[in-house]
Every structure is written in structure tokens, then in C-alpha cells.
Amino acid sequence: MTNEALQNLIGPWFPNPDDDKVSDVVETIESEEDSDLSSNKSEDIAKPSEIVNPSLLEFSEEESQFLNILVQPEQLHALMTQLKSNQETNFDYLYCLSGVDWGAELGIVYHLESTTHRHRIVVKVKTADRENPTFDTVSNIWKTADFHEREVFDFFGVKFNNHPNLKYLFLTEDWEGYPLRKDYVDEINMVIK
Amino acid sequence: MSYFSNIYNGIKSLLTGMSVTGKVFLNARKGTITQQYPENRETLKMFDRFRGEVVMPHDEDNEHRCTGCQKCEIACPNGSIEIIWDRVVNPETGKKKKEIDQHIYHLGLCTMCSLCIEACPTDAIVWAQNYENSVYDRSFLTKVLNQPGSKLMDGVED
Amino acid sequence: MNISLGITKTIHDWLFSVMPEGLASITEMVLIAAVYLGVFAVFGLYLVLLERKVAAWFQLRMGPNRVGFKGLLQTLADALKLVSKELTGTEKADKFLYNLAPYFVIISALMALAVFPFTQEFQAFDINIGIFFLIAISSIGVIGILLGGWSSNNKFALIGAMRSGVQTISYELSVGLSLLTMVLITGSLQLSEIVEVQKNGWLIVQGHIPAVIAFMIFMIAGTAETNRAPFDMVEAESELGAGFHTEYSGMKFAYFFLAEFINMFIISAIATTMFFGGWLSPFGITESLPWLGVFWFLGKTLVIVILMMWFRWTFPRLRIDQLLTLEWKYLLPINLVNIVVMAFIVWQNLIIQL
Amino acid sequence: MDTTRVNSNFKSEEYFINMGPQHPATHGVLRLLLTIDGEIIKKVEPDLGYIHRSIEKMCERDSYQQIVHLTDRMDYLSSHINNEAVCLTVENALELEVPERVKVIRTIIGELTRIASHCLWWGVMGMDVGALTTYFYGFRDREMVNDIFEETCGARLTMNYNIPGGLMYDIHPNFIQRTKDFVAHFKTKIPEYDKLLTGNVIFQKRMKGVGILSKEDAISFGASGPVGRGSGYSCDVRKHHPYSALDKVTFNESLKTAGDSLARYEVRIMEMWESLSIIEQLIDNIPEGDYKVATKAVIKLPKGEYYQKVEAARGELGVYVISTGTKNPYRLKFRSPGFSNISLLNHIAVGGKIGDLVASMATLDIVVPDIDR
């Protein structure tokens, strides 16, 4: 599936309540099952509203070879569940899960691929809360996320709700700080050129 | 019946395996791949491109080709090269010119990535095929590559 | 005592002339034991060297070749090193049992050596239940392994020891039954008599098909008895680190190690005696030189030792449940059938006699 | 495995075992916390990080040329392929077209690396199931590949031969002949491997039906490489997203559907054949040309995000670069195959014996520096 088609398909799953066309988020998610309708519907929605994003998801293809979806932390789990379970998207292979420190924000980047359709997509989620960043786990959707999320927890201090076994994987129990964050300082072990 | 065919096939596969090792056993004298180091030191020859350690070749007049441009120092990922340099006035032309005092190479930090040698514009440093790099003290691994009293070769510019 | 060498005769007479009879015979036994101990300790060390060399030849290597001529002193040097090493152990080990275990293993291994007839006249202890004695003694060793594994207070050692117990109890049956098959031909448990019987052809020839099957079963079970690969569940380097002797070091470890090799020698020696005519030369070619019997005996034994080494360096290890499957589903039923077949052969006198 | 038959008068108790960090079967410093009931594994919890060097953090301060040499130290058995991954990322970002010659050489060397890696794996695999001799036979053949590498690249393990824009040097004049010799030699050796280990009844019994991973689980766990393909999951990056000269060669993706340890083992053996065939197709057709294109001394990637995946010896290696337009990456993430593969160890080992754990772990082909980047 092309990036455009994906965008048209996924966009309407999370309609923007500010966008007056659709009001009830929950209802649309539930009524999402027949996706033939939705692709037609999304074209109608996407075109006229240039200023207000019709979807809660932000799509972009700039500076990346894949379609990027920026999702709010609240919608993350619902979106991921949909992406995996929907027959047309069927993103069943999470091949990379990276934590990123964007400076002001901490975020996670999910690289997804469908083993049946062979299309790829990138989902990003960000939070400005650097003290106690928390996202929902996706380890119940893709089992590989279990270890990858623990790795992110080690190095970025991002916590995951409902994670089955969230404890340090690489670091020792008494480690202080989050080494891969940009503001991490270790004067003894870090050689800065 | 599969009980007996299992036994038969099992024993057959075991004997096949034993024939492989048995063949090696019988050819043990000439099949050996062990290298007898250090007895074979004289005959042991490294390949030309082998990355043993970084050296700076000097010619018979004790001249090297290092202009002190520090490109190798920048290229090195581990900080294993340090160059101490100075600007010296050339008595003939009266121009100030960069000249190295010491080209320090920390073999202990080197990861043999060859980036410094690729970066060198004047081919002043090359790989030596020396493979016996172990020493009794870490400090011996810090080497000064330019020989004492050596000069820059004439006509080498970066 | 059955050693009628000139020098032993002299010592024997001299001992009985200088002290009372009881003391003299005890002194004589102690002397013989000391000689056996010394000879077989060194012999065991050379078996270790042989194993390392043979392993190397199987593996495209050269093996130890630095200490002494062609590495001949290598294992002596190793033994010296082990003697000089500190004995370490776990804090919470059961000290008494922990220290006792290696002696159990090594003593049971050395005891078994007493009954072997190296030649017609060179046998320390010609007991009339020789085979029975060997089977009995060889299973005492496992107690040492169990003690060592249990008392070291190490879980890896414990798993190893428990595996050893399971393994030895199971394979003891096959060793016994396969030897029993051969005893049907000889009609005697006495080792010297068993060899005498084979003057009409080695038992593996006399008993033909059932004897070959018995020999194969004996080799498999015997390898398992000595805890050698492919049955080295007890040590299982890639699974348990070092198994039951994880916590042993220095000389105590050396006892375990030496015992393993002496056990291997014993299994090979039993096979030689029971199947390949012991000290008898093939076709009686050196019958006029009885002392060459030692050469034949050791030669045949070493061939079987090398066969066991060949097994070890070729096969992967079995899993513990497969080990038991092999014994109870394959070896034991075959063995029982084999005994019946052998009994039938002996009854109908179908034995091949040269 | 059936615990219900245990007499209720005896209580069985689960206990913990620390397998590693120093253990012969963990191939380095991997610690497994096992919960065991007798011999039966109840739970495996890997404890990682004993040799974590934070390569991703180091990459944030290094230039792109320097990053390449750090990847040698991740999965050191497929260092060429790791190098290639970073180089391809940089070249794609710069939209740099490398000469055909470079592509072909990279592919040949990548496949040689894969063979060398599988040789070592085969040796260690045998050792893990108790056949110690395989180790030396595997190494004998791997040494030949290492000699080829040493002659051309100057190093045997951490080669750093690929650089952004091409190769560090041209191939050595002997390279082609030596590679042909090796291919001829190795073709006689794989049947020997099969005779010694694959066909062996003990080995078959140890591997068959052990450590079963279904296709769905393989995808869900992000299994890649031979681990995924052993479960019938077609995940060969070389097929689905061909890079370098891999679109010019024909080869079969090695697939097995059983999903047990034996399938993973057989996939690797099949892969060695396929790699040989790829090398044979390319070795006579190395086009003439430059061995590199000139790049700037300071490479600056345009602002953006780049992802490149390659098929390393252990599976899919991904390089995810976020660049802000400076000479260093803002964030660089390596998606290493070993990390995903180790996460499924618990899944495939539970219910088996200790011996099964070791055997199935060997078929995952774990390289600890790959997991602890």
C-alpha cells in the first residue's frame, strides 16, 4: 500500500474533535471495522480542512523515507492495536523501537512493517514530561517490545504502563541517570571530543 | 519394525560420523593446522596490508613526511594520536612553517581502523606488519613516531 | 598371591623369614598395593596424555608437545601443578563428606585393578567371583560422585551428581547383563579361568553374533558407566560447567580426574578379558613367551581405550531423558533377548571353537 | 515433563540457577537466571549488559567515518555486513551512487562473512551439544576466509573495510583466486559437516522438536535471520529489500517450517550453500572501475531520518539515524538481530530440560556484543 493510501486509511481512525465534521472519537473507533467505507470517507474529510487537522494523528513524509505518524500518548495503544489487527494495514512486525531524546521532549519511534503487505510505517510518540515520562506499553501487541521497552527504560528513563516486567535490563539496579539522554553527564567514563 | 530400523539407522549414522573423524585421525600427521608459534617466527609472514601498528617511515637522512597537519589526529576515533607541533621560521625563506615536535601514538588506544592512514595527505604514516605488540608495561605502548632529530622531507606539502 | 616372578619370590621368602606369618602377609599385601598404586597413578597420567594426544589428532591439532620429548612429561607436570595448588572449597560445604568423596572415587577405581590377570602369572588377586567383584566395585564409585556433588553446596554440582546416580544405576544393569551373556560360555566368574577358556578362540569369536551384540552393549554401557562423552551428563561442560567437581580444586580434583581415566582403563580391560582373550596372543603366535601376555593385554586394552576416545571426540552428548530411553527401551530388552539367545547357543553347542 | 504423576508425599521445589555470566554455553558474558524444577526449565530471564559499551552514545559524538569502525565491535562475526549497513545509510542519505565494482565486492565479502560466521556457529553449536571436535573443523574453514580478509583488508576480525563512498582499498590481486579456492574447498566440507553432525542420530534426537517457535511468535518476537526462517517466516532482507549487488544474483531463501532447533540448524547449513552460490555468480564478474567515490572529509547528512536494514549473519540489522544536519548523528540506533532473538529464549526454552536450553540457545546463535551494543 502506498503511503498516501495508508494515510487515508489510518487518518480517520482518530478524528479530531476540534474538526467539526466528526465529534465522537470512541464511536468511530468502534465503527471502524469495515474499512472499505472509511477509505472513501477519509478522502472527503481530508481535502477541505487545510488548517484544522481532521485527525488526531499528524502525518508527515518530510525528511524520512517512510510515512511518519505522530500520535498523542493517549491514543498510542489504541492506534497500535488497530495497526496490528486491521487486515489492510496488518503491521505485525515491529522491527525497531528506539527511544529518542528530542531535547525538550522524550519520545519513542516505532518502525513497523507488514509481513503480508510489505509496507512500512513509522509511528512516533512524544512527551514533554522529562521527569516522569510514561507511555502505554505495546508489549502485549508485539512481544518483541518487551525487551525493547526495557532497553528504552534503561537508557531514557521512559516508563511503560502495564509492562509485565519493567526493570533494568542492561544497567545495574543502583544506576543513577539515563545514559542516552542528551543531558546525561558522566565525567569519568564519558570521553567528549 | 521401526524399532529395529531405528537402531540400524542410528548405528549407521554414528559410524558415518566416526568415519569423518577417523579420516582426520589417520591423516593427523599432515592435516594438522596448528601453527607452532613462536618456533615459526622466522617463517611467519604477515600479509602486506596487515594492520600491526602505525609507524612513520624515515629515509636515510632521518627525514619523514609528516607536515603536522593533524588530519590523522582528527580522524582518529579514539584519540590515540597526539601531535605536538610548533611554528618554526625557515632560515632560507624566512617563512613561518608548522613543524612537528612529537607525533605521539598510543598503541594501547588504537583500534586499527586505518582512518588516520587514509586521512594522511602526505603518506607520512603507514601500517607496519609487526604483530608482537605485547609489552610488560602499559607506558611502553605510547610511542613517539618521529625519530629524534628528524626533519620534514623537502618538498612535502599538504 | 599369584606372582611367581623371581624377584617377588625372593621378597616373599625374605619377608616370611624375618617376621611372623600374619605380619608378613600383611606387609606383602601393602607392598603390592603400593606398587599397584604407584604404577597405575603414573599409568593413569599417561592415559590422560594419550587422551589429549588422540583428541588432538582427531581435531587437526598437535596436542601437548612442549614439556619433555614430544610432550611426554606434560601430564606429570600437570599433576605437579595440581599437587601444589591451593585446595579451595565452598564455605557451607559439608566438610567431612566433601573431603571424603574423592577418596571414594579413586579407591574404588584402584580396587578394581586388583583382579585383572595381566598375564598367566601376573595377577594380584585371583578371586573366584572376579566379574562379580568388578561389577560391584565399579558401582561404588558413584557414591563418591554423589557425595561430592551433594556436599559441595553447589546447584550445578548437585544436578551433576543426581544425573550420575540415575545414569550409573541404569547402566549398571546393562554392564552386568552383557557380561553375564559371556559368562554363559565360560561357565566361570573367575577371570583367570575365563581367559583359559579363550584358548580355543576369543569369546567374541566363540559366541559370534550374540557376543558381538553383547560387546556393543557393553561398550555403550561401559562408556556410560565411566561418565564419558557421549554420556558425560555428569560433567556436561556446556550445561553444568564442570558438574559434580565444580567446587573441587588441586589434588582432590586430580583424584576425580585420574579416577575417570582409570575407570576407562578398567572398562577396556574388562572388555579385553571378556571378549578379546585377555593376555592371549592372537592365534597363539607368542605362546612360547608368556611374558608377552602383558604386552598383548595392554595392547588390546589400549585399542579399546582409543575406541572410547573416538566415541568421545565424535558424538554429541545425549540428553538425560534420552539417556534413560536408550537404556530402558533399547539396551535392556536387547540384552535380555541376547542372554536367551546365548543360552540357546550354549545349550545347542553352536559355539565356534577354533 | 508431566509433573502430575509425582507422588504428592514429596514436594518438589523450584530453585534458581545463575547460568553465567561465566558459563561455557552462554558464548560470552550473558547471564541467564533460570528457574528450574529438577531438570525442567520453568523460566529463563536473561540479564544483559555485562559488556555494554553504549556504542549508540559513542556514535553521537563520532563522525560518520568513525561510526563505521564501531560497528565492527557489535556483532564481530559479521563485521563487514555491519560496516555495510552504516555505509549504505550514509550513502542513501547523501544520495551517493557508488560504483558497481564496490557493490559487487561488498556483496561477495558480505557473503564470505556470512559463511565464516556460520562456520564458527556450526563449530560452537556442536560443542554446545557435546561434540567438541566440530569446533576445530568449523574453525579450519573459517580461517581460510579470515586469510582472504586479512590479505585484502589487513585484519581478521574487525576489518573496517567498507567506508562511506566505497571501500578502503581495492581488493588484493590474490582475492579472486583465493575466494575461488575457498569455494571449491568448502563445497567438499559442508557434506562433511552433514555427515559428522547433521545426520547423527544423537544430534537429531537432541534437536528435533526442541525449542519450537511458531511463525506467529517468530514475527511477534521480531525474530529475524535463520531463527525466523526456521519457523517458516520469510524474513530475508536480501530478498525483500535487496541492497548492493544482491538484486543481480539469483538465490533461494532458505526456509524451513518446523520451527524447532533442527530447522534453525538446517536453515544455516542451507544458507552456507546459498552464499556459496552467490559468491560463484559474482566472483567472475567483478566489474572494472573505482573502488570508491570521493566524499567530503567531513560528511554531513542532510536533516532527516534514515533507516537502512541489511541481512547480517544473525538476522536483520537495522541502522536508524536521526540527523540534524551536523557532522554527527543526533541519534543513532542499531536494531540488532541478537537482541530480538534473545528475547524469545524464554518462550522456546520453558518446559524443556537444561540440555534443551543449551541446544536451543546455540541455534539462536547469540553473540553477546551484538546484544549489548
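Order of writing sets the chain letters: A, B, C and D. Residues in each chain are counted from 1.
In this text, contacts are C-beta pairs under 8 Å (C-beta built on N, C-alpha and C of every residue); 3 or more make two chains touch, one makes a residue touch a chain.
None of the values given here were measured: they were computed from a predicted structure.
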**Complete:** Neighbour overlap between chain A and chain B returns D
**Prompt:** Of all chains present, which has the mean Cα position farthest from that of chain B?
**Reply:** C
**Asked** Whose Cα centre is nearest the centre of all Cα atoms in view?
**Response** D
**Prompt:** Once you find the CA centre of chain C and the CA centre of chain D, what distance in Å lies between them?
**Reply:** 44
**Prompt:** chain A to chain D: how many Å between their CA centres?
**Reply:** 28
**Message:** From the mean C-alpha coordinate of chain A to that of chain C, what's the distance rounded to whole Å?
**Reply:** 67
**Prompt:** Between chain B and chain C, what is the separation of their C-alpha centroids in Å?
**Reply:** 52
**Request:** For chain A, jot down the residues that touch at least 2 other chains.
**Result:** 193
**Item:** Multi-chain contact sites of chain D, meaning residues that touch two or more partners
**Value:** 62, 133, 136-137, 140, 196-197, 200, 202
**Of all residues in chain B, the ones touching two or more other chains** = 14, 17, 20-21, 24, 33
**Request:** Could you run through all the chain pairs that touch each other?
**Result:** A-D, B-C, B-D, C-D
**Item:** Touching residues on chain D, where the partner in the complex is chain C
**Value:** 15, 17, 23-25, 39, 126-133, 135-137, 140, 196-197, 200, 202-203, 205-206, 353-356, 358
**Of all residues in chain B, those that touch chain C in their complex** = 7, 14, 17-18, 20-22, 24-25, 28, 31-34, 36
**Message:** Considering only the defined contacts, which chain D positions touch chain A in the complex?
**Reply:** 47-49, 52, 54, 56-57, 61-62, 217, 219-222, 224, 233-235, 240, 302-307, 309, 316, 318, 320, 322, 331, 333, 335, 339-340, 342-344, 347, 372
**Prompt:** Can you list the chain C residues touching chain D in their complex?
**Reply:** 55, 58-61, 155-156, 159, 229-230, 232, 236-241, 313-322
**Request:** Note which residues of chain C are touching chain B in the complex, please.
**Result:** 54, 56-62, 310-311, 313-315, 330
